[in-house]
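Chain naming follows the written order as A, B, C and D, and within any one chain the residues start at number 1.
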Amino acid sequence: MHAETVNRKAEALAALASVPSEPGAPKPDPILVVDNVVRRFGGLTAVEVEHVEVQRGSITALIGPNGAGKTTFFNQLTGFDTADSGTWTFNGKPMNGVSAHQVARQGMVRTFQLTKALSKLTVMENMRLGAQKQRGENFFRALVASLWQPQEDEITIRAEELLERFKLAAKRDDFAGSLSGGQRKLLEMARALMVGPELVMLDEPMAGVNPALTQSLLGHVKDLREQGMTVLFVEHDMDMVRDISDWVIVMAQGAVIAEGPPDTIMADARVIDAYLGAHHDAPLTTAEAEEQLHQAEAELEAEIEEKA
Amino acid sequence: MDWTLIFIRAVEAGIGTEAVIYGLAAIGLNIHFGYTGLLNFGQAGFLAVGAYGVATTVATFGLPFWLGIAVGLAAAVLFALLLGIPTLRLRADYLAIVTIAAAEIVRLVVRSVALQDTFGGTDGLEAFSDDFYGMNIYAPGSYDIGPIGFDHRTMWVLTVGWVLVAIACTVVYLVMKSPWGRVLKAIREDEDAVRSLGKNVFSYKMQALVFGGVIGALAGFLFALSRAATQPDLFSTELTFFAYTVLILGGAARVLGPVLGAVVFWCLLILVKTGMEEAVNHQVITFITVNQVGSINYMLVGLGLILLLIYRPQGILGDKREIALDAR
Amino acid sequence: MRRAVIAFTAFLGALFILLASPAWAEGESLRGTLQNQGQPVNGVKISVTSGDGQPVGEATSDAEGKWEVPVPAAGSYKVTLDQATLPAGTVLKFKDRATLTVQVFEGNYRNVLFALASGDAAGGATEPDSGGSRSAFWTRVAQLAFEGLSLGLIIALGALGISLIFGTTGLTNFAHGELLTVGAFIAFVLNTTVGLHLLIATPLAVIIAAGFGYGQERFFWGPLRNRKTGLVSMMIISIGVAMFLRYLLLFLFGGENVPYEQYVAQDGIELGPIFTTPKSLIAMGIEIAVLIAVGLALTFTRLGKATRAVSDNPALAASSGINVDRIVRIVWAMGAAVAGLAGIMLGTTQILNFQMGQQILLLMFAGVTLGGLGTAFGALVGSLVVGMFVQISTIWIAPELKTVGALAVLILVLLVRPQGILGRRERIG
Amino acid sequence: MIRIAPFGRVLAVAAAASLALTACGGGEETATPASSAPAAPASSAPAAAAGDGVLTIGALLPQTGDLAFLGPPEFAGVKLAVKEINEAGGVLGKPVVEIDTDSGDTKTDIASQSVDKLLQQNTDVVIGAASSGVSKTVIDKITNAGVVHFSPANTSPEFTTYADKGLYFRTAPSDVLQGRVLGDLIVQDGSDTVAILNRQDSYGNGLADEVEKSVSGGGGEVVVKTAYDPAAADFSADVAKLKEANPKAIALIAFNETTKIIPELKKQGLGPDKVKIYFVDGNLADYSKDFPKGTLEGIKGTLPGAKSPDDFRQKLLGVDPALTDWSYAPESYDATILSALAAEAAKSDAGTAVASKLIDVSKGGEKCTDFAGCLALLKEGKDIDYDGLSGPVEFSDAGDPSEATIGIYQYDGENKYSNITYLSGKVAG
C-alpha cells in the first residue's frame, strides 16, 4: 500500500481546483450524486437539497449550524430514514429506497453521532462483526465450525492490523463498554473499515472527544483517504474542517447554501450569516460587551423600583 | 409430615416431564429473549402449534406419527413467519402485546366450537400417542434409582426429552459461538449499528424467531405425548410466564441457563407444593384448604419472577455485565 | 347374629329399589296433550298402528286435550292425527307431519306432540313469526351493538388507565387487568362481608382502589424507576405482579363465580329492539359520565394539562417545573380508580370471577393500540371500536371466536398503521 | 473478568442428562436406568401392572373447578364404601387403601398431575373423574398403565365406543337415557319449538344430540342448537342467537357457568318466567345463595340416579357431616364396592384382573346388595349379581350400566330442587 506513495491529497485538490464554488457544482469524477432530496416532518421541511455531488477520493466536509438537517440528510442517503422524494446514485447505481444494510453492502458505510460501539461485545467481536460475506453468518453453516473457522482467522488477522493502527490492540478482549468515549469513536471507525467501504460517512467524528485525541482522529481520517477511500464527514466546528478537508459543503435550514474549498467557504458571507444568524452585527469587543451589561442592569433596577 | 415423600416428589419433579418440557420451552425462549432481545410473550403459541400439529395429524386424520412431527415443526415455522412479519420492526412493548395476542388466537382457535371436529374443542384430542409409546425401549414395569422411580412410559418420555434438551443445548452452543450468534448478540444491543455494517437485521431476527419457535414446538410435542392428550387451556399465558421465570432463574443468554433454571424451578416449586399439601393433610397448617395450595404456588412464581428481576436479573449462571435486559 | 342383620338390610334395600321406581311396573303407552296457543283442543282422533301397519288402538283428546293409547310392547309405532276431527280454526302447524313414527322404550310411556296453530283449514297455518325472521336479524344486530357499546365502555375505562400510565412512565402494564378485578373484589368484600349496599360500597371501593394504585406507584413502581430498571424488566415484573395478584384473589375468593348481593339476575326491560336490565343502563350511564369527567379534567384542569404534558414528554415537563413524580402517582391513582370502577361495573352487569380482569386485558390493549398508544382520547375511541367489533362480529363468526376477531384486528392495525388512529408516527420508534 | 472457559461449556453440554439427575438429588448415584433397558418394546396390549396384593383405590374427583359441587357427595360415597369393605375384612385379606386427588376441570392441568401421582403410588382402580371432559384427557394414560378407569358420573355417549382396552367402566348411565327422558319431558310440557344451549365438550355435545333426537322423535322441533365456550367472559352473543329463534323451551346443558347464563337469559327476555327452561345433572344444584328468591321457580331438570334411601344418606352423613347434596353418591359407592368384589373374584388386585371380573360380578348368578353379603357368596365360590343403590348395575360389554333410573326434579321459590318422579329404562331401549 505505502510503496507508491501517491499523494492522494494533491490529486484530489487538483481535481477540485477547476470546480466552481457554488452549490450543486458538478465534480469531475463524482462517487455520489444527489438530486432534489426532500424530507418533511409534519409541516416542517427538514431537508431540501436540489443537487450535490461528492468527488471520489476527496475528504469532503458537510458543515452547518445545529439543526441544519445534516444528520437527517445523512440518514436519507444511508437508508436509515425514508425520504419523501428525491434520487441519489452511488457509483452510478440508484440508491433511493434501498434498505440500510444494502447501502452498507454497496460500500457506503456510516458511523453515528452517538457512537454505537456495542458495549456488551468485546472489542475483537465488534471488529469481526464488521467483516462482510462471512460464511459463518449463515445459520446452517454456523453449525459446522470448520466451514467458517478459516475465514474467521483471516478476519481476526485483519482486525488485529486495524486495531494496531488505531492503538486499540491492548483492549482486544475487553468489553467495548469499558472503553473511553474517544476510544469508542476509534473502534467505530475501525469497525467501519472492516466492511471495506469505498465511501466512509462519519457523523461528527470529533464530537465529545478530548482535544489530545482530535489530532490522532484527524490523522486516521487522512489515512482513510490514503487508502483510496472517499470520506464525507459532518462537523460543525469550522476550524477542525479547515486543515483536513479538500472540499466543504455548507447546509442551513435543510438546503445546501454554499460549496467550495475550505478557505473560500470561511470567507463567504452567506456561510457566516448562516452560522451566526442573519441579523448579527460584528462580533462584540469586550468594551462593547461591558457597556451592554451595564445597560441591562440599569433597566433591571428601574423595573424593581417600579414594582416596589 | 412425610418428609421423604416431599423430597422424592421434588427430585422427581426436578428431572421429570415438567422440567424437560419447560426446559425446552425456555431454551427456545432464550434464543428469542436471551440472545436476540425479542420480547416474545407468545411462546405458549409455539408449544400449542407443535402439540396440535402432531395430535391433529394422528388423531383426527389418522396419518402416521412421524408425519405428525413434521407437520408440527412446519406449523411452528409458519407460525413464526406469520408472527414475525408484522412484529419484528416494532418496539419491544408492541412485540410483547402482539405475541401474547397471537398465542391467545391459537388457543382460542384450537378450543373453538366451530373447529371441534378437527381440534376436539375444549376437551382437546386424545389417542395419538400409541405409536410414540410403541417405540418405548423400556419393558413395562417401574425403574427406580433409590427411592426415585418412574414407570416405563415416563422413562421413555424423559429419555427422549433429555436427549432433545442435550441436542438443543449443543446446537445453541455451536450456533451462538459462531458469527451467526455474534450478529444476534449485536442485534440485541443495537439494531442500527448492525444495519450500518451491512447485515439484514430483519432476516436474522426472523431466523432467531423460527429457531426458538421450533425448539418450542419440540416442547409442545413432549407436552402432548407425556399426557397422551392435548387440551387447549394448557397453552395459556401462564405457560409462557412460567417459561420466562425458568429462563431468568437459570440465566438468560447462557446455553445451560434454561436447563438449570427448569430443574431448580420445578424442584423448588414441587418441594413447596407437596410440603404444603402434606402440612395441610396432617393438620400442621390448618388455615388453608388443600385446593388453595395450587393458588399459593402460582403466587410464589409471580413473586419469584418479580424478585429475580429486581435483585438478580442475570439469574444463576448469567453475568451481570452481559445481561442487558433492555433490549431495544 | 351379624349374618341375620346383613340379610335383613339386603331385603330392605331390595324393597326400597322396587318402591323407588313406581314407573317400573307401568306398561308401555303413547300419550300426549294437544294445545293451540296454550288452549287444550279436545275431540281430536289419534290412531296408532304398529310398524307394519296393524292397528293398535285409537283415542280422542279429552277436555284437557290429553289422549293416551296403551301399546303391547316396546318398539316403533306410527301415530296419526285425523285432521278432519280438528275443530274449526285450528290446523296442524306442519302439514307434512300428520303421521309421526315414534319409538317406545321398554317400561316407559312416550309423549307425542302434534304442533297445532290457528288458521283456516285450507290456507294452512298462518306463520306468525316467518315475517319476523328479517326483523329478528335487525333486533339481534341492535342488541349486539348495545352489548358492544356496554363492553366498549368497560374496556375504555381500563384502557384509559393503561394509556396514561404508558404515556407518563413508558410502562405497558400487564397487571392492569388485575386492577379491575381487585376493584371489583374490594367492592365484593364491602358488599358481602361488611354488608354495605352496593351503591355505598362502589364509591368506597373506588377510593380504596385509587389508594392501591397510588401505593403501587409510590412504593413499588416509582422506586423501581429510580433504580433505573429497564422498561423490558419492568414489563416482565408487571407480569409477575399480575400473576401474584390474580392468584391471591383465587386464594382469597376461590375460583367460582360469585355475585354481589344486590342487582343480581334482574328482569330484562325492552327499549325498542334492545333487551337490557336497569343495572346495565345505570352502569353505562356511570361509565359515560366518568369518561366525560376524566376527558374534561384532562383537557381543562391544570392537573390534566400537566398530566398530558408529562405523558407527551416527561423530560420537557420536568424541566418546565412540573413535579413529574407527583403527576405519575396521581395518574396511577386515577388509573386504578377508573379500572376499579370498570371492574365493579363488569361484576354487576355480569358476575365476579378472579380472572375477569385478565380476560379483557388483551381487549384493553387492542383498544389502546387501535386508538394510538399514549393518547388518552385515542384509547377511548379505540376501546369503543373494539367493543362494538367484538360483539357484532358474532353475527358472522361463532360467538366464542369473537375475541379472536378483535386480536386479529390488533395485529392488522400494527401491520398497517402502528401508530393507531390518533397516535403520532414517531411514537412507535 | 472471568469468562467460563469454552471447554467447560462443552463438558457441561455432554453432562446435561446427568446434571439433571444430580441437580437436586444431592449425591444420587447417576446410573441412568437406560442400561437395564430390555430389548422387546411393549406390545400394545395393556401392560400387566403386577398387583401388589393391596387393592388401592384412587379417587380422582373434583375439589376445584366447574364441578366442585359434585365433589363432596362422590368422595363421601367412595369413603363410605371403603369403610364398609374394610369393616367386612377388606379385600384379599388386606384393608383397602384409598387416595384422594383433585380432578379439577378441563381448564387446568390438575387431573393429569393427579393421575401421575396415583399411578406412582401403584393405584389399581381410579374412581373418577366426574366430568366426561376431564376423563377423556386422562383415559389413555390410565388404561395404558393397565389400571381400571371407573367413573361414577361420566355420561357422555362417547365412552361406550372409546378404545379403552376393556378397562373403562361407569356406574352412571350414558346420556342416551338422560337425553331421552329430558326430550320426552320437554315434549310432554307441550313446547313445540325447542332451543338447546350446551357447553362445548364431550358431555355437552353428547347430551345435546340425545335431547335433540328425543324431542324431534316426539314431534317437537329443535329450532336452534348452539354450543358455547364454557370459559367465555360473557354469553350475550350466545343468548342473542337463541332469542332470534324465539323458542318456547330451552334445554341448558351447563356446569357452573349457569350462574352467568341465567341472568343473561332473564336480561334478554328468555327468563324462566317467559320460557320453559330445563337443567341437567351438570347444573342441577342448590342455587339458593346465587340468585334472589324465585328466580329459578318452575325450572325442571333431570339427574341420573334412583332415590338414595334415607339410611344410605344417614351413613353418608356419618362419613361427611357437612353434606347437603347427594348427586352421584350412590354411583361412587357402587363403583367402589364393585371394584372390591371384582378383585376378590379375580383373587388379584391388578387392574386388568379386576376389569376381567367386573362384568361377571355385576350380573348373572345370585343377587346380593352389599359388600359383606356378596363377599360371603363369593367365598362359597358362587357367581354373584350385585345390585347397587344406583340401580341394578348390569354392565354391557362396553362397561356401561345397561339400565338405570333418571330422576326428574323441579325448582321451588327458594331456588332449591326437589324430586317429582323417577323413570327407569334400558339404555339400549
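We take it that contacts are C-beta pairs under 8 Å (C-beta built on N, C-alpha and C of every residue); 3 or more make two chains touch, one makes a residue touch a chain.
Each chain and its UniProt protein: A = ABC transporter ATP-binding protein; B, C = Branched-chain amino acid ABC transporter permease; D = Branched-chain amino acid ABC transporter substrate-binding protein.
These figures come from a predicted structure and were not determined experimentally.
Enquirer: Work out per-chain C-alpha centres and flag the one nearest the whole-protein C-alpha centre.
Expert: Answer by centroid distance: B.
Enquirer: Farthest chain from subunit C, going by the mean of C-alpha atoms per chain?
Expert: It is A whose centre lies farthest from that of subunit C.
Enquirer: Consider the two chain pairs C-D and A-B; indicate the one with the greater count of contacting C-beta pairs.
Expert: Higher contact count goes to C-D.
Enquirer: At what distance in angstrom does the C-alpha mean of subunit D lie from that of subunit A?
Expert: The separation of the two C-alpha centroids amounts to 75 Å.
Enquirer: Could you please state the distance in Å, as a whole number, between where the Cα atoms of subunit A are centred and where those of subunit B are centred?
Expert: 47
Enquirer: Could you put a whole-Å number on the gap between the CA centroids of subunit A and subunit C?
Expert: 61
Enquirer: If you average the CA atoms of subunit C and of subunit D, how many Å lie between those two points?
Expert: So the centre of subunit C lies 28 Å away from the centre of subunit D.
Enquirer: Can you list every residue of subunit D that touches 2 or more other chains, as numbers and ranges?
Expert: Those would be 64, 200, 228-229.
Enquirer: Which subunit A residues reach two or more other chains?
Expert: Each of 175 in subunit A touches at least two other chains.
Enquirer: Among all residues of subunit C, which ones touch two or more of the remaining chains?
Expert: 400
Enquirer: Enumerate the contact residues on subunit C facing subunit D in the complex.
Expert: Touch residues, subunit C against subunit D: 3, 6-7, 9-10, 12-14, 16-17, 20-24, 32-33, 35, 74, 93-94, 97, 100, 102-103, 105-108, 110-115, 129, 132-133, 136-137, 139-140, 143-144, 147, 151, 255-257, 259, 264-268, 270, 275-277, 280, 350-351, 356, 359-360, 391, 394, 399-400, 402.
Enquirer: Within their complex, state which residues of subunit C touch subunit B.
Expert: Going by the criterion above, the answer is residues 166, 172, 174, 224, 227, 229-233, 235-237, 239-248, 250-251, 254, 358, 362, 365-366, 369, 373, 397-398, 400-401, 403-404, 407-408, 410-412, 414-415, 418, 428-429.
Enquirer: Under the stated contact criterion, what part of subunit B meets subunit C in this complex?
Expert: 37, 39, 41, 85-87, 90-94, 96-98, 100-102, 104-105, 108-109, 111-114, 237-238, 241, 244-245, 248, 288, 291-292, 295-299, 301-306, 309-310, 313, 324-327
Enquirer: So in the complex, the part of subunit B that touches subunit A is made up of which residues?
Expert: Interface residues on the subunit B side: 171, 174-175, 177-183, 185-186, 188-190, 192-201, 207, 211, 321-322, 324.
Enquirer: Subunit D touches which residues of subunit B in the complex?
Expert: Touching subunit D: residues 10-12, 14-15, 19, 111-113, 116, 121-124, 126-127, 129-130, 133-141, 143-146, 148-155, 159, 162-163, 165-166, 169-170, 173, 177, 227-229, 231, 233-234, 255-256, 259-260, 263-264, 267, 290-291, 294, 319 of subunit B.
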